[in-house]
Amino acid sequence: MEKPSFLQRLFESVSRRPGGVPRAAIRDARRAVSLCHALLSERGEVSGAHLARDALAAYQALEGESLSVFFDLLAEEFSPDPQMVGKLAEAYRVNPSQANLVGLQQAVEAPRGKLFQRLNMAPGGTGQLVEMRRRVMREVKLKPQWAGIEADLARLLASWFNRGFLTLQRIDWHTSALVLEKLIQYEAVHQIKGWDDLRRRLAADRRCYAFFHPRLPDEPVIFIEVALTRGMSAHVQPLIDPSSPVCDPADANCAIFYSITNCQEGLRGVSFGNLLIKQVAEDLGREFPRLKTFATLSPIPGFRAWLAKAPKLVQSETQQAELEALVTDLDKPDWREDDAMRERMQPLLLRLCAHYLLHAKHREEPLDSVARFHLGNGARLERLNWLGDTSENGMKHSAGMMVNYVYRLEELERNHEAFAHDHRVIASRRLETLARESLLSQPPAPDQKPLEHA
Amino acid sequence: MEKPSFLQRLFESVSRRPGGVPRAAIRDARRAVSLCHALLSERGEVSGAHLARDALAAYQALEGESLSVFFDLLAEEFSPDPQMVGKLAEAYRVNPSQANLVGLQQAVEAPRGKLFQRLNMAPGGTGQLVEMRRRVMREVKLKPQWAGIEADLARLLASWFNRGFLTLQRIDWHTSALVLEKLIQYEAVHQIKGWDDLRRRLAADRRCYAFFHPRLPDEPVIFIEVALTRGMSAHVQPLIDPSSPVCDPADANCAIFYSITNCQEGLRGVSFGNLLIKQVAEDLGREFPRLKTFATLSPIPGFRAWLAKAPKLVQSETQQAELEALVTDLDKPDWREDDAMRERMQPLLLRLCAHYLLHAKHREEPLDSVARFHLGNGARLERLNWLGDTSENGMKHSAGMMVNYVYRLEELERNHEAFAHDHRVIASRRLETLARESLLSQPPAPDQKPLEHA
Amino acid sequence: MEKPSFLQRLFESVSRRPGGVPRAAIRDARRAVSLCHALLSERGEVSGAHLARDALAAYQALEGESLSVFFDLLAEEFSPDPQMVGKLAEAYRVNPSQANLVGLQQAVEAPRGKLFQRLNMAPGGTGQLVEMRRRVMREVKLKPQWAGIEADLARLLASWFNRGFLTLQRIDWHTSALVLEKLIQYEAVHQIKGWDDLRRRLAADRRCYAFFHPRLPDEPVIFIEVALTRGMSAHVQPLIDPSSPVCDPADANCAIFYSITNCQEGLRGVSFGNLLIKQVAEDLGREFPRLKTFATLSPIPGFRAWLAKAPKLVQSETQQAELEALVTDLDKPDWREDDAMRERMQPLLLRLCAHYLLHAKHREEPLDSVARFHLGNGARLERLNWLGDTSENGMKHSAGMMVNYVYRLEELERNHEAFAHDHRVIASRRLETLARESLLSQPPAPDQKPLEHA
Amino acid sequence: MEKPSFLQRLFESVSRRPGGVPRAAIRDARRAVSLCHALLSERGEVSGAHLARDALAAYQALEGESLSVFFDLLAEEFSPDPQMVGKLAEAYRVNPSQANLVGLQQAVEAPRGKLFQRLNMAPGGTGQLVEMRRRVMREVKLKPQWAGIEADLARLLASWFNRGFLTLQRIDWHTSALVLEKLIQYEAVHQIKGWDDLRRRLAADRRCYAFFHPRLPDEPVIFIEVALTRGMSAHVQPLIDPSSPVCDPADANCAIFYSITNCQEGLRGVSFGNLLIKQVAEDLGREFPRLKTFATLSPIPGFRAWLAKAPKLVQSETQQAELEALVTDLDKPDWREDDAMRERMQPLLLRLCAHYLLHAKHREEPLDSVARFHLGNGARLERLNWLGDTSENGMKHSAGMMVNYVYRLEELERNHEAFAHDHRVIASRRLETLARESLLSQPPAPDQKPLEHA
């Protein structure tokens, strides 16, 4: 079953180039692959979890070059047989019957798919396969020969992490330290600075929910942080201030989703955020009937990068100059302290940002990744918040602004379809007006259609 | 995406033949299919579990002809596009690159695969998909156009019911009535005649274990019943007698697996029995270090059917006559009460049965399905038990005999490989001797090789 | 600490009377008592659960006469020291200070109280102490020397089974068989005839709740059975018919408490029924906001016994004769089948029963034990139901009638106080009218006050 | 039931003394007491948990003077009736029958006992009653009139917190943050300095166990910290160093109990430490069969206080001078850095400390509180460790030394009895020798008996 030609080539390459793959790396990878072959064989069928454990352990011991060799071998020796695929594809072409389809489906399935299924029997197997995909993805651009591995893992994990198998769990101070420290570690939007910071985020007027997979009980797949507030929050710093007073959640009329974090890079593309927000909104609505508004408080991560290129988008030189001056001013460290400067910049920036959110596109989709996500979920762009996030990060990417996306459960499907079919961005009047008043939209354009940008 | 031509043909066929598919059935099936299309669409992406619930409910309301129409539509409208498959198969043939492989893999995947994934979001979805496969399998021989549905479900369920996701649970009197009544309902080997009968099977000197899937917490996937005994049991009736005295399990030196039942017909071919026996043997060995023997007490379900045809397998007329007389005697209702008869028949039957177990084959595998299972797991044929099962069922299929297969954990892999590669049946000396003395092996054969039988 | 004089007397009595306590019984009891002394000693303090286990096991092995001797010794050797009690009582009499009170409280506490506390460390200790009280109570009338044991256990168990430590659990088909079979065994009001019968009582339109103690997780302390119905049930047979159709509980407007059972005789006098009914009514009201009426469907267990004596309560000979005829007719096995007879008896019996429920007293409390319980809880007598329970039991004690007591949460306290302070029976107009029309109330009585009966 | 005379006196006292109890405090206390009376009344019987909740809330709102008034009223109005106690005490004196005993027992029981039982029905009731005892204990020396309250609570809590009702739970990183932060807060022996510190104490080679009461699931009653080590630890700093490497617990041969903390001051005198150590030792012994030694690493908290008075215990002036010099040296901040000084002091201090542990007594018990506890449990004094605890605290109380007490399960009972009956301190040869060589034991003593010290 092993293909000596490949190994031969490998060894030749070792001897050929100085600085090639060290023999020890090849030996370790080879050993792991042998165990994988055994696991796929007759013996694997009867040995159960023991062999799976050994194979997984051998794989886990790999790193750097030995890991690369392992993936190379996984691509070489556990791919479908091209002959067989060719033959059955031809058969299907001649007669596209169900039987021929089933045959072809089997032929294109890589043996490594079955290998992954068997590795999953080992304790910790599921987590290791998620991690394996992360490793492959990280380098697949440079190693196109690994694309098949990535695709097989992606398909398998999408199937296993089906929403139907995930459970929604509330996370609070009753949760284990094991899970809580993962939140501290994973939080991607507004850094959690330790246990006291975390504690405030789990107090009575906050909520945190996560999806868990039954096989990974201590590993959140994705989590969301919510503040229960009076009025729609415009500023994030008060929400995450560890010393802010705790309010009675029964008084709240808004649920503000201020952070959502995908924890597992190895599950990229297997999307849950959409479902998580909706289920949390439904659950909170039942628990607190006085909640009227469900909205995010979100960054606008692509705004400043786009703004830097905006001068090129206008034709009028005056406008160009004005935009360039704005970009320059934004780079000054203390513009926020300078009252005159701040007051001059505020209306300009708000309008430009509104324009960016409504009209800056990549192909037909919003250029801003966060906008793309929430609008794709059927939310509406509601309000821009000046100095909503004054952290270093917030200033650097979003020029300190934040935006609220509102989730109205009854209009999500309609908004989503308008967005998906007609690429329409659903936004409040206020935001549409702001965008219309921006430097980019205003004077010149005889052409009505907004510009498209890469 | 809908193919009016199919519906047209359907309606035509209705009008053509009297007694065709009633319009109501078509309408109901069509409604369910429309919801399935919606669930697969953009709208389905954002609607989450609600639409999945509606689609599942519409499907669950189908039966008889409407269900048939639904499956027909599922085959027609949710299969891969043959054009696309053909194109990508050709591309792969020309250049078998990873990229082309990934493309072809995607092309052959039926849209109904994604549909099933989304249906799984609805409460009860997983169970309904298992049930769907059961329904399709039941009729797929008559409806070859459903083969693709069956294959898609089989692949999906094999992935979801991976051993790594199943949990082993002990079942005893602390278990919920909901699960316990399923045991009564499902037990396939030795019928459980009610709660008192069940109670005895869960007493201190008995063990029952099942695999459960996290999404089906009240539905055992497979379960096994074990008796902890002194000495290897030869007779099943004492084991299942509700009034038998309960012994101290700490005194036992044998664990007798006397019943193993696959509960979900819709998971046929997704095999767990092998792993269940082994894990239970390991767990019991740890709990009761004095256990020395792990063995089954199993029926020989194919013996009498084979015996009826055995006369044709011998050439000597004397032997033929003797065999025919034996078959005739076995049909007499009271041979067990007739001492002379019983004593005459016992040695003949034991030897013939040993021969049957060791040498009767279908292709290269044992003809007896139970032997095939346990030998395939690496167990060894240990002992034949005269009048081991005197129930009506036991007399009818196994001529009242039972057999012990012994599981020695340290030799399972070796036995399995000998069986899988060389088709060798691992048996005790005693059984080999018995088989050698049987009417069929003994006198004539100058040819050493045992006969093969269909 | 041991009092040889007592043993001496014991042995003397053995030698004196033939047929006295056998030596083996004395020896076994003595052995258990020795272990109890050890458990109370210094050694017991440090030995922890081991000694408690041994002592409990030695006690559990006792029965019949050895048990009697054990209790005698428990009374003799583990009672407070009368000298000390006398001395501290006198001190308190002279100076009723807090310090003297505390001293006296300690002096009157029997050493066996501490013994019971230590026995509780053994596995199963709590259950055994409940059982111990049951055994003592059964014979305490004949053995007044055991009264102290009974009182000590009663006080201890009342403290341990404080409502604050009990948890309310719903019992349904998800409950373990271990608990469910206890319901079958304990149900005291309307016998459960097996698992199918039980299953109906746990279906969607029924509810069953029990209080559990954390130390006795498989032993309900008390349980209640509820039917969710449309309209207030008048007849119990349809409620407990295993083949009755299951209704949608969301349609119900009444919760009928048709059975409440105290499971532990050893907890007699430690009352929970009152709290159980109220908590269940509150919980159901939250779960099903459409429920308007919470009522029992109860037997009238003392009616026929009272009726048999009723002739003596009237002075008019006509009435006396009429009552005697009625009692005689009720004894006829087939009066229910005789239309004329039944129609004649119905109004008479309903009125007499109303009179019984409203006016028959023992001291100042209702004579009927069930009425006493529900009226004491603050419920009101609402409606009498002709042929509400036609079981043998129902006919024998309640002449086939049943009564509804209605629980209106908002009037329970008021009713209870009227009942507790003024002995007023709160009843519906209808029942008051019926009672006023009864043979016993009607014609003669110049004296308004209803008769009192023992 | 209320005693206006008391209130009258109270109000009088208010008017009499300037600076008396403010009226608001009296009013609040009075309100809480009224609710307590209601809870004890007929109404309380039927109102269930609602009234209990109100009464508890009213009590919880009290503080400072209003709380004091509340306890005064609790002593005044909820104590037994002295008349009745006197009468029944006399009856018992005349005839010490079981019936009279039971009567007297009931008479001496304070109504507040029943009040506490009813308060326990309120959510959080158990915790509040533990807290109530803490508050009463804190001041009972100054308020002797509260002694009865304290005694009633002590008796009740001892009954409720019976070992049989507590569960032993392992505490590790899977435990909720809610419980973990209590450890940080409560740890009394070696302060936990935050989450990282705590994490190290819960790593693979550490164990932490606590007793929990079912009604206080988030409140440890007592907890113990254990290190699994090779060899008996002599120094505590390495054990609690957050950066120390984690070892494989399977290699350990010693379990070192290095900290044990009673968490609930309100449960003082209800002792669990003894049982906790033993159960943990048994459980660890089963989990790790290679563990041979179970020992503490304990402070000697009374050593330096005793040493300061030691000069007065000797008669020889030389010795007196030597001891005084030693005490003076110990107060020098840097003696540990001075090699000569340290080497001179070490043998002196070790011997004196051995003498202290073996011979310094209060009455007949060891003067050192930690020694008293472990010797009372049946442990033996094994080894003195020079500079075992160099923390500020360790230097200040124990002169930097620590001691190992060894728990040998098989000799605990014997040691305990020798200790309890004959006041014998069980110690190793080495320690006995050291003690014999100490300044205090050595030369002069013509009197053999060791000196006793207060």
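For clarity, chains are labelled A, B, C and D in written order, and residue numbers in each chain start from 1.
Keep this in mind: contacts are C-beta pairs under 8 Å (C-beta built on N, C-alpha and C of every residue); 3 or more make two chains touch, one makes a residue touch a chain.
Small disclaimer: the values here were computed from a predicted structure and weren't measured.
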Longest centre-to-centre distance from chain A, chain (CA-based):
C
Where the CA atoms of chain A average out and where those of chain D average out, how many Å apart are those spots?
53
Centroid of chain A to centroid of chain C, CA atoms only: how many Å?
63
Rounded Å distance between chain A and chain B, as computed from the means of their C-alpha atoms
42
Expected list for chain B, residues touching two or more other chains, is none
What kind of graph do the touching chains make: line, ring, star, complete, other?
ring
Sort out which chains touch which and give me every pair.
A-B, A-D, B-C, C-D
Would you pull the chain D residues touching chain A in the complex into a rising list?
173-178, 180, 194-195, 199, 218
Contact footprint of chain C on chain D as seen in their complex
42-43, 45-49, 75, 79-80, 82, 85-86, 89-90, 92-93, 96, 98-99, 101-102, 104-105, 108-110, 117, 120-122, 125-126, 144-148, 151, 155-156, 158-160, 162-165, 214-215, 274-275, 278-279, 376-378, 412-413, 416-417, 420-421
